[in-house]
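Take a look at the structure set out below.
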Amino acid sequence: MISNLLIPAVLFFVIGFFAQVIRSDLKFPADLAKALSIYLLLGIGLHGGMELAKADFGSAVDAVVAALALGFLMPLLAYVILRWLGRIDALNSSAIAAHYGSVSAGTFLTALAFLEVQNIEHETYPIIMLAIMESPAIIIGLLLAKFSRGPQVQNGNDTGAKGHSVMGELLRDAFTNGSVILLLGAILVGVLATPASLKKVLPFYDGIFMGVLSLFLLEMGMEAAKRIGEFRKVGIFLVGFGIAMPLIGGTIGLLVGHSMLGFSVGGVTLVAVLAASASYIAVPPAMRLAIPEANPSFYLTLSLGVTFPFNVIFGIPLYYEMAQWLAA
Amino acid sequence: MISNLLIPAVLFFVIGFFAQVIRSDLKFPADLAKALSIYLLLGIGLHGGMELAKADFGSAVDAVVAALALGFLMPLLAYVILRWLGRIDALNSSAIAAHYGSVSAGTFLTALAFLEVQNIEHETYPIIMLAIMESPAIIIGLLLAKFSRGPQVQNGNDTGAKGHSVMGELLRDAFTNGSVILLLGAILVGVLATPASLKKVLPFYDGIFMGVLSLFLLEMGMEAAKRIGEFRKVGIFLVGFGIAMPLIGGTIGLLVGHSMLGFSVGGVTLVAVLAASASYIAVPPAMRLAIPEANPSFYLTLSLGVTFPFNVIFGIPLYYEMAQWLAA
Amino acid sequence: MISNLLIPAVLFFVIGFFAQVIRSDLKFPADLAKALSIYLLLGIGLHGGMELAKADFGSAVDAVVAALALGFLMPLLAYVILRWLGRIDALNSSAIAAHYGSVSAGTFLTALAFLEVQNIEHETYPIIMLAIMESPAIIIGLLLAKFSRGPQVQNGNDTGAKGHSVMGELLRDAFTNGSVILLLGAILVGVLATPASLKKVLPFYDGIFMGVLSLFLLEMGMEAAKRIGEFRKVGIFLVGFGIAMPLIGGTIGLLVGHSMLGFSVGGVTLVAVLAASASYIAVPPAMRLAIPEANPSFYLTLSLGVTFPFNVIFGIPLYYEMAQWLAA
Amino acid sequence: MVKLVSEKLIRIIAAAELESQLVDLSKRRSVSGYTVVDARGAGASGIQPGLMDIDSNILFLMVVPPGQFDEVMEDLAKIMRRGHHMMVLVSDIEVMRRKNVVTDKPSV
Amino acid sequence: MVKLVSEKLIRIIAAAELESQLVDLSKRRSVSGYTVVDARGAGASGIQPGLMDIDSNILFLMVVPPGQFDEVMEDLAKIMRRGHHMMVLVSDIEVMRRKNVVTDKPSV
Amino acid sequence: MVKLVSEKLIRIIAAAELESQLVDLSKRRSVSGYTVVDARGAGASGIQPGLMDIDSNILFLMVVPPGQFDEVMEDLAKIMRRGHHMMVLVSDIEVMRRKNVVTDKPSV
């Protein structure tokens, strides 16, 4: 864990967090924060696409299947825990659960930085898994919500202003989310563009990537700490869930990465991070639109204020150690 | 054309366009978009200035004369087509025509990327032409509008709030436009600064340039697609004009580049792009202030929604092939 | 001075200034401007931290002591001049004085660029001094204001809405200012992070640094020129003060750097810049909160509109020449 | 003196995700246009610091003539009934539009 | 027709530095929320071009029921009396909130 | 209770290019200040997505005492008569300014 804390990205996260906790007047320009997100998604996608172009087809299919399985099963597991253990109402449970089926790109990138700084090799399929996991999670969230609303509400409420099915529209939203488009689009560019032309853009998307990531984590630290004030509203059970769920997910991810995919220690660590982390990109807007009755304060606090910092500080080095232990 | 489509910049343009067409919720932060424009103008200007410093004076003068000629003649040609063929009213015709006398920096840069990726040599004078062509186009637009308003309106309306001539003020605006200042300023820096000091700033203005350009084209793709909804308002004649005019301009540019300037295939392609493209930088604000009666929806839709995508996808590779054919 | 004017950073400053003076419609996106500030503070801090990690402890302590001395004494000197020579009221004098105890990061970075372009060696302690000088200046400003308000006001006004001491809260603000956190935080990262992990972020924080700085100075040129309109409001004495004070401060800084710290010509120049420049980062917000009765137009015009341009254009080469003369 | 027309100003504070629905609404109801400003804030549904697309608000402005007012409000209520958090502020306003000051026919 | 409730809209134009004090005020007085928009401008205390944290303004919006109005205004006056430059604009407003259109109990 | 003064709030929605003309107008008519917010939108003159300088709107706010109101409106009408698209919204407003709450002479 010490080595993790000595990466600039993680240190910057701590500084951002700290600045907010001591109520510094440090401000992060909104459009810079949004620009960093766009850049990182494009950078990771491009990288993934270039790797995919030289990837082995069979292994890629395996990774996609694993991603779909994780994306569908993790939210169901989360839902059961929230409903039966936490007695959280059905709609809030659905919305929160969906987040845990998906992935936090920031956590994933921090894990990449963690591995790269230590020169630990890793497979690149997890990048493709990252792109795939948003959509199933959203679909499960929608189905859970539909299921909990019951049949009569469907008739009254399920037709949008334009007259056609709201469910269809929401599904469409799940696949046309801006972040998913950026990620898939950049993967496509990485696959299609000629190597000579890619080389021209890499100083931007690759050369300065790790530095930009560290700036992004400064902002995420502030963002996480801002959510602490909401802990009381969210309640102790949910905060605890935000720590327990990544541990459960991480363990499942380790097993999937090791046994099902047969990845190296680095690759297993990344799969664990995929399973352990909670989306703050594509799932929240989808849930806001699809389950407006759920309180965004709950799922955003859990995803950004609890699970994200937990994974960045404690989770990543822990999953890595467990991956080493599995491999031994 | 295939090779053109495999450049990241063009692929990103397509992705941005596509995202908007499928109504993705992808958002591009406003200040990032504006920052990219500033950066690209400074980068291209700096590059141009450094080349100008070692340029041959005679050839530079030739290029400037050609740029002025294109800047003055293209709008006149466009005006005649709009008025007599399209029966568009005089003020809207003036405003639209002015755009075609000027240049789209984004199209020009995409053409540069297109050439560089294929290692095609090109003269650097077109960069200087780019900086020069905004102002004449604006002046012609002003004169056309003045002419179409007739003499009596001049007396009643042509005096600004401060009492002095509105015409003079508008001319001043044409030369003090922010983008023109950035471009000319950066050229000046490229010419004046010591080589040692320029070397320090090149990793930023040159090293990551092509990558930043690709991000900019993602935004321009979204921007172009947003304008499609205005096609009905603009009408079929104008949409057709937005495709025909670059073809006419491109042909004229090819001839100017080949016969008058004697450029290589790469250089001729760039001159064709200068003539074929329509400004979305300095001319629109000048027209909004100078011909407020004209509908911005017309000229912005044509420039950003029709001519820009046409040139990026079809025009550039076409002009290049024609340049090769001319050279052969 | 000529060599100074041929650095891109300074040339860009002149262009930004000029654009504003001729009333160009050039706009600088707000969030880009703020992003540049954040980036530059992190970059300079990281650089400073990495140097500090290999620094000699004794010399570092000397530099810190010198910084504290300058930070405390310069505002007192400024206050005396403003009160007795300029007959400026006590609260405005306190607020203005505090700015001159602190440092302009932009001026400091321009001086760094000036030295680096000419391959002039310099000590790195001044970077640490930069981080330290904001806080003492703020404290002196607070004390001067407290002193001029007199005792009875303290009772009536000195308790904040939350009931505890306003003075304590303001002091807290002085140390938790966002820029101070960024600078100190980045220094910490530079000291703590492993060399291997720092190497990954340097292409961003170091490789493109000088280019980003030049873009920042473009904005600062606009910012400075915008303040010229306020000169009449500010009055001739204060405008003169904004030029005289950096000359006085620069001289003091030269002596401190040369005699007390024994720095090289490059290092002495930097200390002179520290003493000569006026804060536009941490001190203005602190003064706005602590001395709301003072007119921000006064201190911002002096810091951004007078002293900053004076130092960038004339001050830096002048202090450098004086440092050479001292060394000879 | 210039002629002013009485209209209704409808201001909607909502999560940024709702922007496209509000634009659609304005088109469906043939409102002459709309204006959007980026915002941040806090309320019952938590803090919206405005740093990411997922935690930003917008301030959406529509000026509508009295005749269109009821149907627009009904549409907004419908969105709220689906569960969406938003705040709708209504005020009376006097508007100066181009068509009321320009005597000759505008070209657009 | 939808039900509208009469409330007060308090708009504060101030230097960005005052944002946290205004947020604190809204919490202390249990206002249901607030909305902030970045702004620039000029006035007696100089130009605020909005390019740096130190020269930016904000537009701070609070909708308060008539019962809370006086105490919030008194707090704002207190800040002003400490010397702070700000402009407070008050207007009457009709508000449509979720609780007035949603009949069944909302889940949050 | 704090003292409020009745004034007029003039809000102008216009293309960003008009900002400098509006600033000039406010200076010429000695308005005490102005506030600007970046905006996007759509209307008869097309969409203004706000991504480039050429397709952005602004929301320009001026608070004017009743005495200055007519001349400012007349100037705005003049700009409109030159053909410029803008929307001018006027409302009555109660203002709390520093000079009304601070008893002792402010230092600026």
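Just so it is clear, A, B, C, D, E and F label the chains in written order, and each chain counts residues from 1 on its own.
The definition used in the following text is that a contact is a pair of C-beta atoms (placed from the backbone, for glycine too) under 8 Å apart; a residue touches a chain by one contact, two chains touch by 3 or more.
Please read these numbers as outputs of a predicted model, since none were measured by experiment.
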Which chains are in contact with both chain A and chain C?
B, E
Taking a step as a move to a touching chain, how many steps at least join chain C to chain D?
2
Farthest chain from chain A by C-alpha centroid distance is chain F
How many Å are there between the centre of chain B and the centre of chain F, using C-alpha atoms for each centre?
33
Suppose each chain is reduced to the average of its Cα coordinates; what separation in Å results between chain D and chain E?
19
From the C-alpha centre of chain A to that of chain F, how far is it in Å?
44
Dist(centroid_CA(chain A), centroid_CA(chain E)) in Å evaluates to 35
Going by the contact rule already set, what residues in chain B reach two or more other chains?
23, 25, 27-32, 34-35, 178, 207-208, 285, 293, 295, 297
Using the touch definition from the top, which residues of chain F touch two or more other chains?
17, 37-38, 40, 44-45, 50, 53, 83-85, 91, 106, 108
Can you list every touching chain pair?
A-B, A-C, A-D, A-E, B-C, B-D, B-F, C-E, C-F, D-E, D-F, E-F
In the complex, chain C residues that touch chain A:
29-32, 34-35, 38-39, 42, 46, 173, 176-179, 181-182, 185-186, 188-189, 192-194, 196-198, 200-205, 207-208, 285
Sites on chain E touched by chain D in the complex
1-2, 4, 9, 23, 32-38, 61, 63, 91-98, 101-102, 106, 108
Chain E - residues contacting chain F, complex
13, 37-45, 57, 59, 70, 73-74, 76-77, 80-81, 83-91
Interface with chain B, chain C side, in the complex: residues 3, 6-9, 11-12, 15, 18-19, 22-32, 35, 113, 116-118, 207-212, 214-215, 218
Chain D to chain B touching residues, read off their complex
16-17, 20, 38, 53, 106-108
